[in-house]
Amino acid sequence: MIVKNMKMLMILLLGIFLILPGNTALAAEKPIVVGAPLSTAFLYGWGPERAFTLAIEEINAAGGVNVGGTKRPFKLEVIDTRDLEPGVPVSEALLAVEKLILDKKADFIVGGPVRSEAALAAMPLLSKYKKVSILTTGVLTPKYHALVAKEYDKYKYCFRIHGEAKNLVGEMFANFTELKEKHGFNNLFIIAQDVSHARGAAKVMNAVATKKGWNVTGVEIYPTGATDFSMGLLKAKKSKTQIINIWMDMPESAILLKQWYEMKIPALPFGSTLAAAEQPGFWKATDGKGEYTLCNVVNAGNAPSEATPWTMKFYNAYAKRWGVAPEGLGGSSSYMAIYVLRDAIERAGSLDSDKIVVELEKTDVMGVYGRLKFDPKSHQVIPAKDPETGAVGSILQWQDGKRVVVYPKSIAKGSIQLPPWMKK
Amino acid sequence: MLDALRLQPVSRLSFPDNTMHILIYGTINSVALALFALGFAMVYGVSRLPNFAHGALYVTSGFITWTFINTLELNYFISILLAMLVTGIIGALIYQFVLIRIRGMEISEIMATYAIGLAILEGLRWGGFRGLTYTLPAFIEGSTEIAGVSVDYQRLLVVGIGAAVVAVLWLFTHYTRIGLALRGMAQDERAAMMLGIDSDLMALAAMGFGSMLAALGAVVLLPLGNIVVEAGYNVLILAIAVCIVGGLGSWIGAVLAAFIIGFAQILTVVYLGAHYQMVVALLAIIITLILRPSGLFGLQKELEERV
Amino acid sequence: MTASNEQRRKERLDRGIKVRSEGIYALMSWRELAYLFLPRVALIGGLLILPLVMPSMYWQRVISIVCIYALLALSFDFLAHFVGLVSLGGAFFIGTGSYIAAILNTTFGLSPIFTIPIATLLGAGICTVLLLPCLPLRGVYFAIVTLMYPLLLARVIEALDILGGTDGILGIESFTNRWMEQYFIIVMVLVLLFGTRRLVNQDIGLVFRAVKDNDQSVRASGMSVTYYKSIAVFIASGIGCLAGAYLVHLYMWAGLSTLALDFSILPIAATVIGGSGTLVGPVLGAFILVPISELLRAFGTLRIVFYALILLAFIIFRSEGIMVYGQRKYHQFEKWIKV
Amino acid sequence: MSTSTTPLLQINEVTKAFGGIHALNEVSFDLHENEILGIIGPNGSGKTTLVNCITGFVELTGGEVLYRGKKISGKPPHKIADMGITRTFQIMRPYYSLPAYKNLVIPLFSPRAKRTGGWRGGGKLGDRNTVSIDILEELGFERESFVPYKKASNLPTGYLKRLELARCLALNPKVIICDEIFSGLSMSEIASMVPLVERLQMEGITLIMIEHRLRELFQVATRIMVLNFGEKLIEGTAEEVMADEKVKEAYFGSEEVEEVMAHA
């Protein structure tokens, strides 16, 4: 009996070897291959994947990309990097990027590894193979575009089309000043996840707040995977803070928000990249306990607003195509990355990386979340408060079951509400 | 006892007194750890099988309850019982078709159970249980104030159910036939076999009950947050931590070790800083293993675990 | 018309040189020489040709990753089967090796040719010193302590935000030319593989086996068991740190996820599939497991489920591993005889 | 039998308690150069515990062990063995996975063997395999036969006992403590072991023999000590011990005593 099993196992192995994946399908015109190494099992992975597919289908339907006269369609190649999973080495993600470049012959890399650590690690790889890459999701660390600025000629192929930690701090602080005038808030308590971009942002926020005269009543850093936040919330409550600034993208943030609601902490939870709180399903999941949570979804378009005529067009197209509204960080920025890429290719008239880099630096497109322009030195999208001048972020608040955009003023559809137990 | 607990550290907190808080949330944290670890301790205690699929069973039972409630619209209480039953059956099946063939080979057991855990977790993720919108409703809404510390009912319920589980487990293992057989197997497998206890059947029962305990832990603790596949890995590490500190094989040790680690974590959060929380748990394991490998209450087999 | 229910038994007869005696035999003909050395030559030749045969550069990169896991599997099998220390802490060796190589390269500016040997020796020293307190432990206890070491190191680096915190260390030099990068690791795998096989049969190797077999009687023979265990751990962690240092220069980056659980678990799976105790088995196991997980990449998240089920199938049906099964098949032929 | 001024080994009031139970209760005796001390006593009288205490496998609860006047009771077992005090195990502990002659390579690898050149090495240790085969041959393993090359796991008990002894010899020992080396052997095997022990004594090695087979022990031992319930009953020559009332009542009772006396 054992011998038979052995043969059966061998056949199984051979079978797998034979279906070595090779790209056989030859479209009419040679397609431009766009590689997307994403952690598809996570929100920040499958959201962008859907946005890329939507954008590519729209472009191909409109006839594809005019590369020096010939019309060539885009072709999307998504590979699961699993880099948001704990316990998975980054070499898995880098191997996925290399498979896209070497095996699938990708001309461009978009979306990029989702975890900051993996994205930073992929930079030298991209410069080695001279592949233009546009980061659209997950990576918030300011170190990314700082590196591009520092070693321009080595990392010039790396672009980032969505906001990073420093912009988020700026946007959030604008809201704090507004709250200060309206409700006289002056106390701030910061809770951050023990991840480098969150800790970095917490430090910056702490410095900016104290400089502007705010009283920072405490900073609490929780390790990834912590399941009890009672202590931090108690400290916040006892330090009579009015705002709790949360920098956390781990799923356990839902526990934090539920505990905040049950402990009736008289402070406004104001978070950035709160993955749990960005999804439309968050309301039903916490059966209402997520009321009044504010979260920064980095770019407009991930929540309903009229930043530009294109925002709602994208919002509805996404909802129609996938049956659910854009779910959070990465949706609108991925969609725009494809269009920005098409625009650059058509201007450059070829797929040569160096020409494309020059064209991308000249990008000026009125996109889903404002006018998209790249800083020529650091290849980071230029942020702004008004959609006319640059890329606009958006902060939404959960108000009785719906995500209402409250910032920036130019595209706001509502104002910040306070929980009942806070109103004196 | 209270004063012994209040160390005299340089407290960054300027608040006069949070011992009540430490006490309440320390207990809740410890009961949660105990619920994580009991299933693992029972399976290892009886059949010396390190069940590395424990975390996967914990998460699966969460998703099964969720599907019963949302897709089949069953009553919440019935779906909990059904979920525990189904998880117990899964645990038993794992033993019957996989572990029974490789019992005794230490490395293969660890590898096999880890592979099953991996397959279940990644299978769930592939099956669409992704994202953060899967949650279980709490049994009771609302929260109260105890001695100035606001605690929600669900957490108090956790403590209640935890205590009940420990009590039932104690009664079960001391007064029912199967319970006694399980304890016999735990102490000495060969002697138990000589008395006519079928070791495979008992191991099967242990695996079944262990999985049910994991499911019970999940159903009680998951409503506090949301059901996420990553929880499987964290739960496994914490369960191993508690079982080792308490002494592999003795589930009473696991309960007491859960309290030790639970309070240690809360104290580090208060006095050292929250981000050292995980470091403390891991440090507890390593130090216990080096000083007293068989744990605080484990069977002290001198030569067996130290040279 | 023999009755169908007569008993049949499988009889195994030695083949080739094994017929003469247990271990000592004289080679008398080319055929016997070939019988002995063919498998070894096939292994060495196969490994050396592999990169040239690979269809694309990507698959060559996969070969380097496979060699890293092969080194880890080799160090696990050496420790588990020949010294009796089941260590689930492969990631601890890789992590230490990578971080040391990264620091040497970024702060001291040493080129890979220097950082790798230094990282190997220094890393091995550090790992041995850190593992010293748990050497007296045995069996499951040692396994679980070593499982916790990399997790603790990762959490400490994360909490203290040292060594580049969760971002890791960037901007590390890679190898100058591609072929040197590729063949360096393959040659190291071969050298270390045959090195450990020879070491195990040397006198010191016998002492290791004695420590595994019966450490009380080793103590009675006037030798400190912890001393010899620490030598064995030094050798095994050296191999692990070498793999870690190479990984850093391969991907020009070192960070928290060099301490990931996969580096601990996959080598053990390779050992279980390859055949524990044969040292060559785990290397073959790695050469089977890692390419499979790459091939299955097309299936997305389902890939891990397949990979886990294949591993499970091997554990249940072929628990002794391919190499042991292969050796038995090679040295003996079986035929059914009537009882 | 020269008895130099300080005895080779002094055991002063050695006590060992396992959580309240006294396995050894203030046992004291001296061991002189080149003598064979027989230790007898009913099962559970603390004989093996005494061996473990002397060789450091178990920590003492009280008392001390002196070797040539120096205290050795706190030292780890491998240090004590390194000084030349070796022991065999009551339950034999060969390396089952290794062939017989390779079993001896391990003790020959020890620092003491390197220093003293192993048994009859005279300071310089030759190739370990040849030295181990010489030792085995001396202990009755026929050189040409395949016995030294067989795996330890399929050697008969007699050969395993000799392997234990060989392991001690490989360290060129000063003292060998034999823990029931005659038990479990057939009459012919015991007959061949007795001359072996006598030859070791002539080579200048001091022996402590713990035995239940009194007839062979009395042929070989120069002095006998009786242990009972962890206490030393009496110490002296074979005749004195036999004649003593307490010993008879505590240990012998059976008619075996008369029969042994007839022969002694």
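Lettered A, B, C and D in written order, each chain numbered from 1.
Criterion: a residue touches a chain if its C-beta (ideal position, glycine included) is under 8 Å from a C-beta of that chain, and two chains touch if they have at least 3 such contacts.
The shown structure was predicted, so the numbers you read here are calculated from the model rather than taken from an experiment.
Asks: Would you pick out the chains that touch subunit A and also touch subunit C?
Replies: Where subunit A and subunit C share a partner, that partner set is B.
Asks: Of all the other chains, whose mean CA position lies farthest from subunit A?
Replies: Between subunit A and the rest, the longest centre separation is with D.
Asks: Starting from the mean Cα coordinates of subunit A and subunit D, work out the distance between those two points in Å.
Replies: For subunit A versus subunit D, the centre distance works out to 75 Å.
Asks: Would you mind pulling out the distance in Å between where the CA atoms of subunit B average out and where those of subunit C do?
Replies: A distance of 33 Å separates the two centres.
Asks: Just the number, please: Cα centre separation of subunit A and subunit B in whole Å.
Replies: Whole-Å distance between the two chain centres: 35.
Asks: Just give me the whole-number Å value for how far the CA centre of subunit C lies from that of subunit D.
Replies: 43
Asks: Can you list the residues of subunit D that touch 2 or more other chains?
Replies: none
Asks: Which residues does subunit B have that touch at least 2 chains other than itself?
Replies: 125-126, 233, 275, 278
Asks: Touching at least two other chains at once: which residues of subunit A meet that condition?
Replies: 41, 86-87, 194, 223
Asks: Among all the chains shown, which pairs meet the touch rule set out at the top?
Replies: Chain pairs that touch: A-B, A-C, B-C, C-D.
Asks: For the complex, which residues does subunit B have touching subunit C?
Replies: 50, 98, 101-102, 105-108, 110-112, 114-116, 118-119, 122-123, 125-126, 233, 237, 240-241, 244, 248, 275-276, 278-279, 282-283, 285-286, 289-290, 293-294, 303-307
Asks: Residues of subunit D touching subunit C in their complex?
Replies: 55, 57, 76-78, 81-82, 86-87, 89, 93-98, 102, 105-113, 128, 149, 167, 170-171
Asks: Contact residues on subunit B for subunit A in the complex?
Replies: 13, 15, 18, 21, 25, 28-29, 32, 125-126, 130-135, 137, 142-143, 149-150, 152, 154, 224-226, 228-230, 233-234, 266, 269-270, 273-275, 277-278
Asks: Would you mind writing out the residues of subunit A in touch with subunit B in their complex?
Replies: 41-43, 46, 85-87, 194, 220-223, 225-228, 230-232, 234-235, 238, 251-252, 254-255, 258-259, 262-264, 275-276, 279, 281-282, 284-287, 327
Asks: Where on subunit C is subunit B touching in the complex?
Replies: My answer: residues 80, 86, 88, 133-134, 136-141, 143-145, 147-149, 151-152, 155-156, 158-159, 215-216, 219, 225-226, 261, 265, 268-269, 271-272, 276, 300-302, 304-305, 307-309, 311-312, 315-316, 319.
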